[in-house]
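Each of the next two complexes has chain A plus one more chain, namely chain B in the first and chain C in the second.
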Partner chain A sequence: MEHLSYTVTAPRAAGGTRRQAIIGVVASGNLEVLAERVLATDTCTVDIATAARGFAPVWQAVIADFVALRAAGGLRLSINDGGARPDTVALRLAQVVRLIEEPEA
Partner chain B sequence: MAEWCEQRDALNQRLAAGQSHAAGKRVPLDRLPALLESVLRPGDRVCLEGDNQKQAEALARALAQVDPARVHDLHMVQSGVVLPEHLDVFEKGIARRLDYSYSGPQAARIARMLFGGKIALGAVHTYLELFARYFIDLTPHVALIAAVSADRDGNLYTGPNTEDTPTVVEATSYKSGLVIAQVAKIVDKVPRVDIPGDLVHFVVETGTPFYVEPLFTRDPAAITETQILTAMLAIKGIYAPYGVRRLNHGIGFSTAAIELLLPTLGERLGLKGKICTHFALNPHPTLIPAIEAGWVEQIHCFGSEVGMEDYVAARPDVFFTGPDGSLRSNRAMCQTAGLYACDMFIGSTLQIDLEGHSSTVTTSRIAGFGGAPNMGSDARGRRHPSDPWVKAGVEADPLGSPALRRGRKLVVQIGETFGEGNAPLFVERLDALDLAHKLDLELAPVMVYGDDVTHIVTEEGIANLLLCRDKDEREQAIRGVAGYTEVGRGRDPAMVARLRERGVIRRPEDLAIDPLDADRSMLAARSIKDLMLASGGLYRPPSRFRNW
Partner chain C sequence: MTALPSGLSWLEASARQRLAALLDPGSFAEFIGPEQRERSPHLRLFDLPEQFDDGMIVGRATLCRTPVLVAAQEGRFMGGAFGEVHGAKLTGLLRAATLLGRDVLILFDTGGVRLQEANAGELAISEIMRAIVDLRRAGNRVIGLIGGRAGCYGGGGLIAGCCSALIVSEQGRISVSGPEVIETNKGVEEFDSRDRALVWRTMGGKHRYLIGGADGYVADDPAAFRAATQSALGRSPGLDLSMLHAEHQRLTRRLARFGNARDGTDVWSTLGIADPDAIPGLADDDFRHLADACREVADDAR
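This part shows the complex of A and B:
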């Protein structure tokens, strides 16, 4: 198990009012992402616990593109990763941002 | 004084030697090794029928039992090296030389044996290429083939899995070679004559059907959101603008996703009747929903697919069927159809390099080619125009004289940027080069050459290589869809941006696709059971795919 942690400046604040959102499952090739709206609106942190070692440069690239593309300011993201491919990670991150934007059910 | 009939004399000697084990053409199963010992000569070229689907496994078993002191140094010329027995004959010294096409399940062992010098390799071929050589310089002296049933005269019924048999028999029997067939059953009258009895010399009844691998069944439950996204990109960015009606699909999950998106996304886009009307394709279960929704006019098949027999028999307007009602497949004919009469091939691969060469071999596995390179290559002998072919030709050569400009077949590689075990799809150097070096091969085993590839589709977008004007543009177009692989992260962002402005690279948003819409609910069937229900119960999935 490898633990990675990133704090990045986010150009856009997350939309909506939900306090938190969770998406995905911890399974082989998949991941679970918990988003909590607890930070300043220009900051995003990502904490990763991953089963696959040695992919730090890839995580960094995925997260840099993610905050540039999606409104992630104010979110603390916690990831439990089962060795998901980068495209799956990018998809789940986009999904969790969309979910936290949605009105409370 | 020249001798003109030595081969016919040799056939007569083989027939006479074999006759002591036969009653008429019929040979008891337990006499099969003895029959083979009496008719085979050291050094014979032998075709042991088997490909990626059907297998003459009783004959393979018997050949592996012959005495290497009597039968040795055979030259095997066969489509598939698939069963353990196919390699046992080399371990035992019964066979020495090998020319073949496909070796899926034996890929690792064949690589070890080639490296260990147990096999003298001629070449790895495509199916059509090996069939062609059967008629020029690799004509079998003896063919060991598989059919469903035979009558007393040796007329054979091959059923839906006819596949390679007519080609093998044609090359062998008409050149004074010997043909031995295994059948499950000897009957009074065969349901249809696939192979005329006068071309068949001995028949052995095995009591069990020949083995067939369900190679073309893809469980919709295993299709990922990323595969759905790449499928959406392909439909909106390639199928629709080129109007691709005549095509072949590979066997991967991305193309299965495309098949399952036709009745949903395709319908919404108004593409019915405009794309995917004619296929050179095995009866893929994942095509059932599109067929049922009236998308597909006609399909010609290389082989059959386990469980699809009744469905195909009930849809003779779509499939080629015989007077008995069941599918007639023919690999050589279908490969030719895929080469000359299709405007597009789309399939997956394991590795793509910076020039667009692709390969499915790794340093420890040599899987062979099968038929993909026939489909995935521009047919330079093609002369008839079609809209997609002409449009692709214009993109490749916009300034050429219209009446003298060749069209281009669309050859599309589709896949996720990372594959099994997070292995990158894009690499600086193909493993095939290391394998070729290790085995001292003159040619690296390349599945599709870069100059044949027209498009690469990943979840990041589509690269149109027809629009690239030099080597640098081509490399950056490939890097530009290579995602987070090292190749992708090594791109020149400014050049990739310029390529995107010119439409060489198209992102999901350029095609009005939101990656968040790539959802499994878009699939017309989400499980094998859904496919069975869509077929009205006519599709009978093999037990390994039944989980209900």
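This part shows the complex of A and C:
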């Protein structure tokens, strides 16, 4: 396993009021993303445990795109990855910020 | 959790989607949620990925306003297999149910015990079986729902055997030894694990319903599982010695009646089904109609 950790400045704060959201499962080519609203609204952290070693530059690029495109400020994101492709990672990240915006059930 | 739009597949849904679609909206409260990061202490020794809930989601909820405790296995994480934390969450839930006097729903989706933590997993299976017996003897129900991708195999099959009622879809499979295990140990002449039609004729939901191994047969649809669960929650609970005696007699009769069958179709012929080869192709409603006229009875103890 490889562990990566990034702290980035997020131009937009995450919407909604939910404290946390989780999406995806840990399986081959898939990943889970846990989002927790615990940080200052201009900051986003991403902690990754991945089965695929040596892809740090790709993770960095996907996360840079993600915070530029989505409202991720205030979120601590924790990822368990089973070797997902970058497009799957981008999809799960988009899903989790969408999910945390939803009203409490 | 995201609600599953009605009409979508139980088979395809994740464990969290199944819970959202099965239970009363907004009623689910998770115990030891993913934010507590109660992960397997063993997988990291094998350099394997972990999941924050260890593939087992437990909590309380209501179903048609009846309070229940629920557990759901995520079959896509390590094949839904039982490890130390995964099993302990279910054991704890069942013991809590005994204290609270609640019925329990178990959404099975498992290949059995996780090989990387097999001792802990096997111990968990026996603790869970003991906890189910205690809960049932205290007068509560344990209802198993089976229709996931991993089926319900190995220790999961043993736990299912202890439940008060099982609800299965056509896609659901229930057994202890899986197809590959049988082929490895007994040879391909005994069981060809690549013959998927054979797997479903001998372990699939239709066959299990016909021989009395499951109490409810439903479509691959969360709404159908919900309706059947509500009905199972209305049945009388309990477990005593006379039920076990009756069950042993039923199993003795089943062995005498079907012991020489080589395939599911032989069993279905013996049940009096005129065209057994047509069973796998029947639509759910047609199948249930036919099956209810000739199937072996299921009862509370299996």
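Note that in this section the second predicted complex is superposed on the first by the 105 of 105 C-alpha atoms of A that agree within 3 Å, B and C clash if a C-alpha of one lies under 4 Å from a C-alpha of the other, contacts with A are read in each partner's own complex, and residues count from 1 in each chain.
By our rule, contacts are C-beta pairs under 8 Å (C-beta built on N, C-alpha and C of every residue); 3 or more make two chains touch, one makes a residue touch a chain.
What you are looking at is a predicted structure, and each value in this text was computed from that prediction instead of being measured.
By the touch criterion defined above, A:34 reaches chain C but does not reach chain B. In the superposition on chain A, contact is made by A:81 with chain C only, not with chain B.
Contacts of A:62 after superposition: chain B is touched, whereas chain C is not reached.
Of the two partner chains placed by superposition, only chain C is touched by A:22; chain B is not. When the shared chain is aligned, no partner comes close enough to touch A:11: not chain B, not chain C. In the superposition on chain A, A:91 contacts chain B only, with no contact to chain C. One of chain B and chain C touches more residues of chain A, and that partner is C. Taken together, the two structures place no residue of chain A in contact with chain B in one case and with chain C in the other.
Within the complex formed with chain A, the chain C residues making contact are 1-2, 14, 16, 25-26, 33-35, 37, 44, 47-52, 74, 76-77.
Residue ranges of chain B in contact with chain A, taken from their complex: 224-226, 229, 416-418, 422, 459-460, 483-484, 489, 515-516, 518.
Against chain B, in their complex, chain A makes its touches with residues 52, 55, 57-58, 61-62, 83, 85-88, 91, 94-95, 98.
Listed in rising order, the residues of chain A touching chain C in the complex are 1, 20, 22, 25-27, 30, 32, 34, 36, 49-51, 78, 80-82, 99, 102, 104-105.
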